[in-house]
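In the two complexes that follow, chain A is the common piece, with chain B as its partner first and chain C second.
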Partner chain A sequence: MASNKKFAEIATKWNEAEAVNHDIVLSTRVRLARNLAALPFPHGMTLAERQELIDAVGRAMKDTPLGQSGYCFFRGEELTELEKALLLEKHLISPQFAGGMKEQGILISADESIVVMIGEEDHVRIQSFLPGLQLSAALAGANQVDDWLEQGLDWAFDDKIGYLTACPSNVGTGLRASVMVHLPALAMTGRLEQLFAAMGKLGLTVRGIYGEGSESMGALYQISNQVTLGYSEEEILARLETVINQISAEEQKARDWLKEQQTVKLHDMIWRAYGTASFARTLSLREMMDCLSRLRLGVDLGILERMNKSQLNKMLIGGQDHFLMKEDGRELAAGDIDILRASFIRGVLDGK
Partner chain B sequence: MASNKKFAEIATKWNEAEAVNHDIVLSTRVRLARNLAALPFPHGMTLAERQELIDAVGRAMKDTPLGQSGYCFFRGEELTELEKALLLEKHLISPQFAGGMKEQGILISADESIVVMIGEEDHVRIQSFLPGLQLSAALAGANQVDDWLEQGLDWAFDDKIGYLTACPSNVGTGLRASVMVHLPALAMTGRLEQLFAAMGKLGLTVRGIYGEGSESMGALYQISNQVTLGYSEEEILARLETVINQISAEEQKARDWLKEQQTVKLHDMIWRAYGTASFARTLSLREMMDCLSRLRLGVDLGILERMNKSQLNKMLIGGQDHFLMKEDGRELAAGDIDILRASFIRGVLDGK
Partner chain C sequence: MLCEKCKKNTATVCVTTIINGDKTVKNLCPACAEQEGHLNMPLSFDHDFSWQNLWPTIFSLGQGELNRGSNAQTCPHCHLSFQEFAKGGRFGCSHCYEAFQPQLKAMLQRVQGSEQHTGKLPKRLAGVKGIRRQIDALRGQLQQAIDVENFELAAKLRDEIKVLQETVQKGDA
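This part shows the complex of A and B:
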């Protein structure tokens, strides 16, 4: 197994965490759901209509900057199963899209800050990815793509309620803003459940790193807006940003408390994770993610001076099953992947 | 807290494991129980009689090589609580002796291969310590001391049953031979209980590293003869040696099996222990002992080439509470000792 496509490399825009000075918020994603007025929603489309959708969007792109170099367009059949899995492990596409039918299309910008899925739950889902907490900038990126596409496409839009979408939960702005946060100190001090319950009341949703229905791993959570109707895009983002800033402050307080009141326990935990990462010969995905969480906390708190965020970011993407398989070039059993993962992690620590 | 006595150093004869080419048997101890015919057994003695005992044994020693340089004699009151604790942590005296009354005496040879306790359960307990499996040599060492003492002392002896002792279980030869074995592979493969049950039927006793009633730690066990009556010293030792050789062979088989059939699991376990030893900031005694067991297995199997047995032996003695306190010079709380232990272990790994 191999891939020569650029997105098969580990680096991706949202994971350039060095670029943004934010320890707790790893990344921001904004997506806009759009549908063509002339076609039924994807779940009711024939294969011919799906083909028509891809052709229409492809044509609309062609006459805009999206058709220029700097953007790559792929039809579903041009991507192997491995390549779809790699895109999924970079969180650039949804599990639904990765496992979907043939008649799909995807547009990816060179730095992967823009990814447009065609033929997912909605006709078009414009996604904008940035590192750290950059809600407005991410929205601006998505809006720019929306504007370009609108020049050639007629979106399903109702003057009273806004953009029409396949699922009522997206009707209105079609906007979902999602922020990936790292909350190890709140997890350790047992404060998360209470905070997450409060977020539900504020119309926000909390998910694990692998999206809807996924468990949390490595103290990484995706926090996003639930409601898209009845508020402006700016209002939705402002509310999310307020909550994210509050939760970041809480996490920072919990980190300070651990650092001052639980110094030995904290250092012990972080250095043991470093020991495991340095020497384990087999690592499950879950254990790697837990290790990474502790290592990241150690880097954030200045305890693990011998590591840096580039290493952590490389491990976060490259330590996943399909990235490991791609490197190894073979289809592997679960036990073999865990061995490969441990070896990969040791290699990154050794500066490879 | 401090001690300038030589036995307060970490090195001790039985722990010179490099000297004897035996991976599984760490050390051999032979002890002879002897009592003076003219005095009641210790549990029935007055303080004056205990004083008389020490004087009598002291006089008898004086005219033999035991009175020369190369041997140190201490009265109980010359040893601090810390020093008794250090002797206990080196397994050179019994907990009973360490916690006993004032009127005690102890003779220690320069290399600590000979330790005589006076006023323990019996009047005199001659102990001979050697590294590896050296039952005959250890018995010869103890017998030599017995011969020297006999020149000036009249042992309680019955022509029919042999030496008389405070506890009937020691009557006859007064001999207890004890071998410290490291059985990590048998412990991992769940075979120990069955083997230990069989040993009971053969008249042998199995104890943890801290003696009677102690739990096992770090897969270290002391195997000794139960019966001292009705067999010659040579018969007792031959039977013990046969069983020890059998159990060593079983352990070796289990190690080979792990090495061949559970390669990754074995390497992973050993290297993780190395990671913990290298980076933990707090280590309980139990966790240190478990780590040491895995590290020792790694060294034995040639997996941990960067470590050697001197380091392991240093950790085994020096990583105990009182040796750590002695180095630190203060009385410490349990949590502080665990921090000190982790730091000591890291230091030994760093070649300190």
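This part shows the complex of A and C:
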């Protein structure tokens, strides 16, 4: 690694441009929630019980491939605040996990496709990340880790209602699959509200990647299953995939419409974003995210041939506050971060 | 040129309207143009989100439902009260599921739409349990075969179930 700080590389599995098979779907995450039968759920655990949990999971991993060189295990106290912030900005851990990392543990694979959080809302949360729309492959990755861990751990499981979780909204499969989608054309044509209303009825939820609802920055949304019980893992994923494909088709239609009916306006918007990215001297996070959304649309539609997806993905992660500050290693004022951000974006455009 | 409306920002949008042959030209800044509705893109999609009614509403948790449970009750294992659960939304330990089973039933039907797990099983249980699940599925098919008077298929299914049941009994012993 170029940097001596952990997780400081911008590259992460879900953000691999070459592997993305989809313009509209950026990434897939599958999470399995598991708990040990013998311990209370994390929010009610004593410090000693938390240690016991980390030790038990650590022991179970040791004799499986999870204990081999492809994976790293850290206890909460081994990570600095900055390293936690970097993991959060890569969307590999939850804000809840980043906020309370002592007496927690994390297992992370070298390519960051597998991240296991220990001691979050549930004892163990296995996450599998992949670029593009790859629900089945992501589930297979998470299942594999679950199979390895259960060799040494006794999961809380009920004959009728399945895997038991701290919150009954996860009980059964413990499965939450989330897909990150980029919906600029639906946002521009005012169709998102309609879409969000429909999602609830389908047992799915939509959240902005940054911020809630349609206020999200950069037209990036996360769509995930709400129901975890009564359907098999495969059925849950198949249902989500059907809806994702329909949303993608709607977004594509809206893009085609913009391209044919609003040609000048669309080109103008994309090239203005390119102008901002090329010449701005300060960029807030929101302005950068909105700019990136337009640039990505331009690349997808073949309008911005001078840019590629690798650059966009690099900006998406590297343009966030802690990635910008990581070299200095100290907190900067918001205005100073915005100057760094603009300079970073210009650098990526110059091929740095 | 300054925007004709707010007279503050630079006008970058030229709006031409022709009403009954009278042509008016206004130079506006993007913010004012948007305010006046000139930048809104009209929609010409000829269809709707037709799939929005495919599945019924399955996620609507009524808080009243939660409070109706017997609140004095606590989990014998971790001593969490149902009231505390209703407030925080999280159980204290895996035994809470058993302790609060009556209240949970109605809630799961609301939150999850079902109360029978049909997904992955832990390896230690997969053997016998997996076969039981197979038997349940075959029983369903058997009933269907009888309903349509396909007795040939019914006989075949009955034999399959019998074999599986014997396996379970051996496994249990």
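Please note the rule applied: the second predicted complex is superposed on the first by the 338 of 352 C-alpha atoms of A that agree within 3 Å, B and C clash if a C-alpha of one lies under 4 Å from a C-alpha of the other, contacts with A are read in each partner's own complex, and residues count from 1 in each chain.
Basically, a residue touches a chain if its C-beta (ideal position, glycine included) is under 8 Å from a C-beta of that chain, and two chains touch if they have at least 3 such contacts.
In this text the structure is predicted, and so the values were computed from the model without any measurement.
Trainee: Quick one: name whichever of chain B and chain C touches more residues of chain A.
Mentor: Of chain B and chain C, the partner in contact with more residues of chain A is C.
Trainee: Output check: A:280 vs chain B and chain C. Expected answer is one of first, second, both, neither. What do you get?
Mentor: A:280 sits against chain B, while chain C stays out of touch.
Trainee: Regarding the shared-chain residue A:190, is it in contact with chain B (first), chain C (second), both, or neither?
Mentor: second
Trainee: For A:43, is the partner it touches chain B (first), chain C (second), both, or none of the two (neither)?
Mentor: Only chain C is touched by A:43; chain B is not.
Trainee: Considering only the touch criterion stated at the top, classify A:339 as touching first (chain B), second (chain C), both, or neither.
Mentor: Once the two structures are laid over each other on A, A:339 reaches chain B alone.
Trainee: Thinking of the overlay built on chain A, is A:228 touched by chain B (first), by chain C (second), by both, or by neither?
Mentor: The answer is second: A:228 touches chain C but not chain B.
Trainee: Quick check on the superposed pair: does A:203 touch chain B, chain C, both, or neither? Answer first, second, both or neither.
Mentor: A:203 contacts chain C only, not chain B.
Trainee: Could you tell me if A:143 is touching chain B, chain C, both of them or neither one (first, second, both, neither)?
Mentor: second
Trainee: Considering only touches as defined above, state whether A:159 meets chain B (first), chain C (second), both or neither.
Mentor: second
Trainee: On chain A, which stretch or stretches are contacted by chain B in one complex as well as by chain C in the other?
Mentor: Dual-contact residues (chain A): 265.
Trainee: For the complex, give me every residue of chain B touching chain A.
Mentor: Per the touch definition, chain B meets chain A at residues 264-265, 267-268, 271-272, 274-276, 278-282, 335, 339, 342.
Trainee: Could you pull out which chain C residues touch chain A in their complex?
Mentor: Per the touch definition, chain C meets chain A at residues 40-41, 43-45, 49, 51-59, 77-78, 80, 88-94, 97-98, 104, 107-108, 111-125, 129.
Trainee: If we count contacts the way the header does, which residues on chain A are in touch with chain C in the complex?
Mentor: Answer in residue numbers: 35, 37, 39-41, 43-44, 121, 143, 146-147, 150-151, 154-164, 166-169, 171-173, 175, 188-191, 194-195, 197-198, 200-203, 226-233, 235-236, 239, 243, 246, 250, 253-254, 257-258, 261-262, 265.
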